[in-house]
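Both complexes shown next keep subunit A, but they swap its partner, so subunit B is in the first and subunit C is in the second.
So, the complex of A and B:
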């Protein structure tokens, strides 16, 4: 127990039950800090539960039960951290907790079964989970709600069994069990009558892939509100599709205007894009720090948070920018003091492929157990372009660009250059000697590259470790299975010993 | 004056007790251990709820 990293034997906290034995002692200062943030998160959640609509929602919707494990979720993503990394993690995850509470609050406010605020519901435009939100930057009087995020996406990260019930429901109704669990869970939730019925209209998108598109088509029968299918090109790197993408954006904007009676507000759009560009500038600084010998904002401290502000925030919420500034400040402080992210840095890694939703804390395990620094992940390596802040015609192309290049889509689709060539380019830029290759069993998008990745990693002398997972279904490949693949490689090929032997093999199948 | 001192003393003891209790809950992860039982209960509530199950 103590101030130094790896002073606590973290594997001993797992004892086969749902929760850990206790929380860490990280030295007086860091433990006090973590305790105060724990109190703050409970305060946010208690305040959320005091609203009658939210309390009703808690009893009405099965997915709300997952949120009982939120403090455990935060603990998992701060496991073993000290100093600036601990503070960066809390800045991000605590803000996510607050933001999700607000999103759910809006859902329940509009829901006839809970808040019943019909006037508010008429100002809600429901967005698909895996789509960018920048179109709504031009509708300041409307509220965008990504319905599936608090209902399916977030519960699957908070609890490893968070959406299994919905997947099983979908399969009971005839959906094959080898499809992607994300649209399967969304569909199962719709079948099980567990989505709040809100909003004046909806926009669905073919991102990440056709699985989403097909699932949405069936779900739309449940929601019974006018729905626009935003079909963005898959081959997003080709010049020939850009105008088509922009045309789709125009059609979507026209649809929202017709359904809501609102007019797209260009001044507000450009104001939001200015905020978005400022966030992009700071993210670029984080990437530059990660290329140095003392990276600071890495692994978990990029992944989920980047999803949140890039996709959902979209520049509309200036609190993300303020948070980013504080995180950047902490990053520079850590860099100047030459703070290390692991007690011993043995490998620098790029994480490629799509992460397992039920094990988003996997990068932290890599750091704590094997001294592998997860410098950056594929889902965070989205667009770092600066978008127009004053040209309307360019803005349509910009929005199309963002929609085509949403988090999960921009590299899993779009061709060889973004899925394969760019990996090696990033390995060179980040001076990575290792690639942790997530392989989602149920995804066909990147499966075709498997042999190419192996061959090219060998040519470049880069250690390539495959980590197979089931995206939202740990029954297909458990957290332990994922760790086992890294352990085998580290032992058999690199013949290394773990920094924390208790983390090499421990029982967490039953854990939240 | 004595009464005010008495009130302050009681408040300080109260805060100290709350702090100690919250610290014990935090360090021994008692909030999450309690949540396990609450989740089991809520799952039963969700199972009992009538649903309009259909495609």
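So, the complex of A and C:
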């Protein structure tokens, strides 16, 4: 029990209940820092609950109950961390907590069942999950809300059973249980009438997968507001599709203008893209750090946060940039001091495929238990291009590029060049000897490469560990099952001993 | 009813992807162009000098290899194609024109490419980005994609004539075959029909997987025979159904439905006559490729089309078919693990029942269904339900 990593036996904290036995001792300075951040998150949530509309919403919507597990969620993602990594994690997760509270606050403000602010609702454009938001950079007077993120996506991440009810509702309605649980849960939520009915219009996109696209079409029947279907090309690497993507963006902008009476503001758009480019520049620096012997901003400290600012932030919220700067500074400090992210670094891994929403803290476990550094994950490896800050025609192409390359979509669509070939390129760049291959049971796009991955990994001498999961449905493969697949490989193939034996097998099925 | 003269021949023919008529056409010097989805306009692959072969894997048994490469979570049709490709079953192809339509099919074709399953010297595969909406912007994109991913490669690699004149000829051939198929299908409207859904499916399916010109004499002869054919005095069927859904190239599936008393009077699926055997109407003003693409885009009933108009149109379309062919009910089917049809089947089953008032049987199925006792039971129960409804209506 002390300042050093692995000095606490973390598996002993789990005793079969929702909560853990006690908070982790990380040495005086880190424990105090962590504790104050824990209090700060409570403060943000308490402030949120003090608004009458939010209080109403809390009792109106089933999914709001999941947010009670937020402090545990942050604890899960900081487990075992020390020094700069702990601070980076808090910078990211605490800001996400604040941001989600604001988003839900906006939802409830506009929601007739809670705040009932009709005027505000008329300024809200509803976007679907996984969708990039850069189009809204040109509409400073409008609010963009990614409808499913606070309602389905985040609850399933915060609480492992967060959306099981909605999945069951969709399946009872007749949806096959073999489709991806994410659009299934979203559909269940729509069938259950558990989405706030807000907004003047909506934009749906052919996002990550066939299921997601189809779910949107059915859900649109429930929302009853004018909806634009943004169909950006699937084969996004082909030069010949770019023009169509840009045309669709123009159509979408025209639709929003017609529905809201607003005009696309190019000055504001370019201002936001400057911020977005600055964020991209910092992200590139993080990646460069991760290629060295002393990576600093890795695993959980990239994954969810990258989703948030690349997709939802989109350059409109300059607070992300400020946060990024502070994170980068912490990263460089750690690098200069040659701080390691695990007590002993045994393997450098790229995480490929789609992560389990109910176990986004899995990469931390890899570090703490086996000394596997989760350098980067597939969902974070989105576009790192710089986009135009002054050319309008180029901007249409840029927006199309971003929508085509939204999180996950840029790898699950576009062919084996981006789904398979790029993996080996990243392994080389990051000097990875291991790939943690998430096999999400409902994801057809990645499952279709199963044999190819196996064969090509063998050819390259890379350790490929399959980790099967059910994305938002832990009943299909629990957190323990996921760990079991790594444990088996580490024991049977590599014949290694864990850094923390208590983390090899512990009871967290009932944990939040 | 007397047996149809060419039925047995075609049934046998359909047990092979590389069938007698395909071989005959190749011996005549024509190219076999593999096709995996109706989103690539078939007529573009039926230009003079080549012919389209819609890929299927008849007599599929084990899918172990396909499952290794694509896991057990992808649709069996796609896995069966990969399995067949690995066995060398598509070696005869000169190229494959694939759309990036559904993820599973796209992966199937990519596996075929990466695993080098076709080894002809000039063999190639192209992947097209095909529209997900039906509007003028999408049409422009569609035309561009078909030009650079289908016509230009055919011309550059094999010297195929892709002029407007050649396209017009291909359309004429398509229209000729479609007219014959539709005329045959019309006989399913009769109370005691002169052609069963199964028989019709055999002829219709053949038009997707054989060179069309070689089939025309068979279809003409069959049409004459059906015109003269005396139907049974009393229809052997207890109910009439529209069959709607995804890929059905397994003859046994429709046989199973009909054996259990439900005649398939209309076929809205990827190997069916609706909308695949619609006539393509051409004018002299617009360029040929645009007209062809517009036809496929507007007539297309694939659930992949995501715009609201198309989503609603799909239900109206099935409703129109049910009315025209006097169906008592609708069977919605999907290949298990198909995301597109999983959602479409769920929504359509509910909407057609609750908003349009049809009894609906909603099933998901494996690729090969012939011996499925479970499916048999479900069809039997559905037919009984339809009969009871009829009795209630009479009372």
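Keep this in mind: the second predicted complex is superposed on the first by the 512 of 512 C-alpha atoms of A that agree within 3 Å, B and C clash if a C-alpha of one lies under 4 Å from a C-alpha of the other, contacts with A are read in each partner's own complex, and residues count from 1 in each chain.
In this section, a contact is a pair of C-beta atoms (placed from the backbone, for glycine too) under 8 Å apart; a residue touches a chain by one contact, two chains touch by 3 or more.
Note that this is a predicted model, so its numbers are computed, not measured.
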Clash or fit: how do subunit B and subunit C relate after the overlay on subunit A?
-> fit
Taking the superposition as given, does A:218 touch the first partner, subunit B, the second, subunit C, both, or neither?
-> both
Superposed arrangement, angle subtended at the Cα centre of subunit A by subunit B and subunit C, nearest 10 degrees | 130
Check the residue A:450 against both partner chains and state whether it touches subunit B (first), subunit C (second), both, or neither.
-> second
More subunit A residues in contact - subunit B or subunit C | C
First (subunit B), second (subunit C), both or neither: which does A:60 touch?
-> first
Which superposed partner A:38 touches (first subunit B, second subunit C, both, neither) = first
Determine, under the contact definition given at the top, whether A:336 touches first (subunit B), second (subunit C), both, or neither.
-> neither
Could you look at A:415 and tell me whether it touches subunit B, subunit C, both or neither (first, second, both, neither)?
-> second
Mind working out whether A:509 is in touch with subunit B, subunit C, both or neither, as first, second, both or neither?
-> neither
Which partner does A:258 reach: the first (subunit B), the second (subunit C), both, or neither?
-> neither
If you stack the two complexes on chain A, which partner ends up touching A:23: first (subunit B), second (subunit C), both, or neither?
-> first
If you take every C-alpha pair with one atom in subunit B and one in subunit C, what is the shortest distance in Å after superposing?
-> 8
Of all the subunit A residues, which ones make contact with subunit B and with subunit C?
-> 173, 218
Touching subunit C in the complex, subunit A uses residues 173-176, 178-180, 187, 204, 206, 209-211, 213-218, 220, 227, 229, 231, 233-235, 238, 240-241, 243-244, 247-248, 251, 412-413, 415-416, 439, 441-445, 447-452
Can you list the subunit B residues touching subunit A in their complex?
-> 22-23, 26-29, 31-33, 35-36, 38-39, 42-43, 45-46, 49, 51-55
Residue ranges of subunit C in contact with subunit A within the complex = 68-71, 73-75, 78, 100, 102-104, 106-108, 110-111, 114, 127-129, 131-133, 137-138, 140-141, 144-145, 148-149, 303-304, 306-308, 311, 334, 336-337, 339-340, 342-347, 349-350, 362, 364
Interface with subunit B, subunit A side, in the complex: residues 17-23, 25, 35, 38-39, 42, 58-62, 64-65, 68-69, 71-72, 75, 169, 173, 191-194, 218, 221, 512
